[in-house]
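Across the two complexes that follow, chain A remains constant while its partner is chain B and subsequently chain C.
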Partner chain A sequence: MPKYLARRLGQSLLTVFLTLTTVFLLVRLAPGDPAAAYAGPTATTADLARIRGEFGLDQPLIQQYGIFLRDLLTGNLGTSYSFRAPALDVVLDRMPYTITLAVAAIAVTAVVAVPLGVWMARRADSKRELGANVLTITGQSMPDFWTGVMLLTVFAVLLPVLPASGFTSWSGLVLPTVTVAILQLALISRLVRREMTTALNSPYITVARSRGFSERALTWRYALGNSGVPLITAIGTRFAALLNGVVVVEVVFGWPGVGSLVVRALETRDYPLIQATVLVTATLAILVQLLVDLAYPLLDPRVRLGKAA
Partner chain B sequence: MATDVSPLDGVPLLDVENLQIELITAHGVIRAVDGVSFTVGEGETVTLIGESGSGKSTTAMGVLRLLPEGLAVLSGSVRIAGRDVVADPRAARALRGRTVSLIPQDPMTALSPVHTIGRQLGDALRLRHPGLSRAETRERGTELLAQVHVPRPETRWKAYPHQFSGGMLQRVLIAVALAAEPRLLIADEPTSALDATVQAGVLDLLMELQEVEGIGMLMITHDLGVARVVSDRIHVMKEGRFVESGPAGTIVDRPAEPYTRALLAAVPRLGAWDEDGLTGAVAR
Partner chain C sequence: MTTALRSAASSGAPSAGSGGRPSAVTARDLARATATRQRRGARFKLWAGTVCTALVVLPVALARVLPLPGADAQDLSERRLPPLSDGHLFGTDQLGRDLLSRVLHGGQVSLTVGILAVLVSGVIGIAAGAAAGFFGGWADTVVSRLLEAQLALPLLMMLLLVVALFGPSVTVITCVIAVAQWPEVARLTRSLVLVEREKPYVAAARVLGLRGWSVLGRHVIPNVVRPASLVVLLLLAQAVLLESALSFLGAGPQRPFATWGRIISDGQDYITTSWWLVTLPGLVIALLVVGVNLIGDGLRDRTRTARLPRGVRAPRTSRGARAGKGV
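Presenting the complex of A and B:
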């Protein structure tokens, strides 16, 4: 077990490092000049050259990369061009908002999608289940910016019961959470339905039914118990994705999370800020994935740690 | 042994009369069981034998009302301890796990792979006796495992199904079936998924239990050798109907129907054992 953990952590470090390197190169290959974005349209050529020198962008790429790696080892990810503050601090300031939204959305998703999927599996192919199917497919098909704008129109403009933008009180969390959750729960409930339909048609369910167990016990204890691994995998993967920031939803609702930060960082070609964002979100996503993997042997005794990896 | 034993007053434990089962499939409606009638009394073993698709397993699952709702249509009557489960599916639910138990065909898929043996056996025990404490459940469970000759039952209690062999799993499943303290056991090909060497042990166990507990048993098999050893009466089934019925000895030794003779001819026999073991060890 410790050996497995050490190997997984090593793999994770390597993944983060390769991701950072790729991003380091890609942002510099992309068109656009940070100095021009920083100085504005009235800047002279001399101004631009001075700013490039200040940002260290006048040096050869390989040298910039060397400095980046050296600073990375000391935990220094550079100074954000537009915030004029340590890039890592800027990102970490935004993280609580993104984590709050991600946790709220995934909690709503799990609480609604699991019972909904189980219900759909038990009523498989009935007329009411067909109705639920139509609803979830609709939920899956609605783009989140559209859902967000519709919710805003109804609950912040027509019936002004909820704040439209920003995070000044907890009620500000409701609309972004619902917007994110609608898409996620459409996906997760359909997965739960598929897994539960398979489980409920397994021979061990028929045999357990022959022992006199109630349908409730068969469903929640035996069938759901056997759907644990795919369920946790799906929810974990969705959660990791949400931690990277829900860009569109954050922009629509003016949510001060990492998603809207990334948009600003890209607009201003703020290289250190982009790199810091990638470092933080990639690390979080990989940690969540690691936790999901560590949960497997608890959910399915046939999974043996280390052997599978 | 059962706590709710009511005298049957000559009423058979299982009384099946003119049972018909129609299965709704993608290719239309199939009459899988076409008007069969038979009885099983206390302490009796009655065997339904036939080739694959003859309707014998469908009969067993129909008796337990375990065929998928809406895809199987039953008519006729099936009385278990006097209660008709065809007319009243709720009666079947009340009888399952109490009066009647199933020993399934394939032990490898018959237990939930993510729950321990102890948990599943314990669940079955507590269904029968809801008041049992954790310690009492475990005590009775290990007793049952010992009764079906599972070695080291105390340590096996926390093991998962994939840690058992097929033969041992079938013993565990028999223990789970016995947890219900049933008066009727329905054994659906209990040995066909097992190695030949393990089959004999499981059959011995079933016969031993029947002798000790006086349970009535409905055995489903395609193996006349098995049927000959365990049965009081045999019904030979083909295309949903009984083609021949009678005492085990008569059916095996003096079969009247060509179909029964064909089933008999399909049984492998031990030939002469050659010293070098190269020829004729098993002749078909």
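Presenting the complex of A and C:
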């Protein structure tokens, strides 16, 4: 177990490091001058040169990379050009909002999708199940920005019951959460349905039923329990993806999370900010994946981590 | 099963549905059997999907033939006309351009990007997945690590970054979407090939002296292309959505016509006064994507009911690849 953990952590570190390097190179290859974006259209050549010197952009690429790595070891990711503050702090300030949205969205998804999937498995291939299936597919097929704008129009403009944008009170969380959850519903509910159909047709369920177990226990305890590993994998993967920034939904709702920060950082070519965002989100996403893998033995005692099956 | 027995006991006579042979199974039982219901569900999905897709794809394909005003023809005296007004089925936008014409012409770009992206990601995914599954060893290590790394990447952000780097041309956006999508194909192909390579015909081909690459290319890949290509339809739906999200964020192709996401983000400012500018293009996207998703789903259901007897599990990727191998 400790050996497995060490190996996984090592791999994760390597992934984060390679991602950061890729991003470091990509942003510097991209056209667009951070100095010009920073100084505005009236800047003179001398101004631009001064700003480049200030940001350290006048040095050769390899030297910039060296400085970047050295600073990385001390936890210093540079100063954001547009916020004039340590880039890491700017990102960490925004992170709670993204985490809140991701947790709320994944919780709503799970609370709706799991019972729905169970219901679909028990009513497999009936007309009503087909209807539910088509409905979730429709939810998955709507572009999230469009769903967001539509919900906004209906619930914030036409019937002003919910705030339109930003995070001023908890009710501001409702619309973004629903928008994200609609997209995830189909995936999770169909996974639950598939796993549950297989489980409910297994011999052990027949045996348990013949011994007089209640249908409720059969469904929720035994069949759903045995679907735990793929279910947690899917939910964990989705959660990790959400942590990486629900860029579009955050932009639509003016949500002050990392997703909208990314868009702004890209527009202003804020290199340190882009790098800090990638570092934080990639680390979090990898941690979630790791936690999911560590949860397998709890859900299924047959799984032994670090050993071939 | 129980209904069949019960009705057999009550009627006791051979039914017309079984072709004259004496059988306890009545036509009604057949109509209620799980397999029939599954087939019916799959058929419904295929039909509904085809109708939805055709409703969008045909007009888009015929955009140049249909009697429509030009997509870029502005008429400032006819700004923001509501739908169904004279000569403008979808109304007009803030610059007096015909919305239907814009949606159809933009759709040509969106669809082209989607189809090309799926073709590219299909080729990359099948090649990489097949090589990883068939050869194992370092090929598998490299491909599997890449797949895992991509899970950890902030995807949309990387896409935005690459578009900023190379400019929002159709080629760049196609490649960007293809890169975003190949893992799905690769993961499925890899798992299919892992099953396939243990079959006797592979051993036979080797005994006959074929080298690895020939076995893989001539014998194994043809056997996995069909199931793998089913995912491709579902990916097409995702590609259309991804392209519209990119162009909503301002990173979509701008020439020759603005694509769907761009039209929606343009109309966003007028949402309170001109609902159609956002609603109608969004409905078109949703209709197309629902259609493609339903077709893909129906086809998958059909092959599943046709090929696998009940209770046999379809090959799974997520669980085996992640939990079982203890990576």
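Please note the rule applied: the second predicted complex is superposed on the first by the 307 of 309 C-alpha atoms of A that agree within 3 Å, B and C clash if a C-alpha of one lies under 4 Å from a C-alpha of the other, contacts with A are read in each partner's own complex, and residues count from 1 in each chain.
We adopt the following convention: a contact is a pair of C-beta atoms (placed from the backbone, for glycine too) under 8 Å apart; a residue touches a chain by one contact, two chains touch by 3 or more.
It should be emphasised that the depicted structure is a prediction, and the values quoted were computed from it without experimental measurement.
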{"item": "Partner chain in contact with A:V157 - chain B first, chain C second, else both or neither", "value": "second"}
{"item": "Which of chain B and chain C A:A282 touches, first, second, both or neither", "value": "second"}
{"item": "Touched partner set for A:V263, first chain B, second chain C, both or neither", "value": "second"}
{"item": "Partner chain(s) touched by A:L48 [first = chain B, second = chain C, both, neither]", "value": "neither"}
{"item": "Partner chain in contact with A:G225 - chain B first, chain C second, else both or neither", "value": "first"}
{"item": "Chain B or chain C, by number of chain A residues touched", "value": "C"}
{"item": "Contacts of A:T206 with chain B and chain C, given as first, second, both or neither", "value": "first"}
{"item": "Where chain A meets both chain C and chain B, residue numbers", "value": "202, 300"}
{"item": "Sites on chain B touched by chain A in the complex", "value": "64, 66, 93, 95-98, 101-102, 104, 106, 109-116, 120, 123-124, 127, 160, 162, 173, 176-177, 179-180"}
{"item": "Residues of chain C that touch chain A when the two form their complex", "value": "34, 37-38, 41, 44-45, 48, 148-149, 151-158, 160-162, 164-165, 167, 237, 241, 244-245, 248-249, 261, 264-265, 268, 271-272, 275, 278-279, 282, 285-286, 289-290, 293-294, 297, 310-311, 313, 316, 318-319, 322-326"}
{"item": "Chain A - residues contacting chain B, complex", "value": "202-204, 206-213, 217, 221-222, 225-226, 228, 299-302"}
{"item": "Contact set on chain A toward chain C in their complex", "value": "4, 12, 15-16, 18-19, 23, 26-27, 29-32, 124-126, 130, 133-134, 137-138, 140-146, 149-150, 152-153, 157, 198, 201-202, 229-230, 233-234, 237, 240-241, 244-245, 247-248, 251, 262-263, 266, 274, 277-278, 281-282, 285-286, 289, 293, 296, 300, 303-309"}
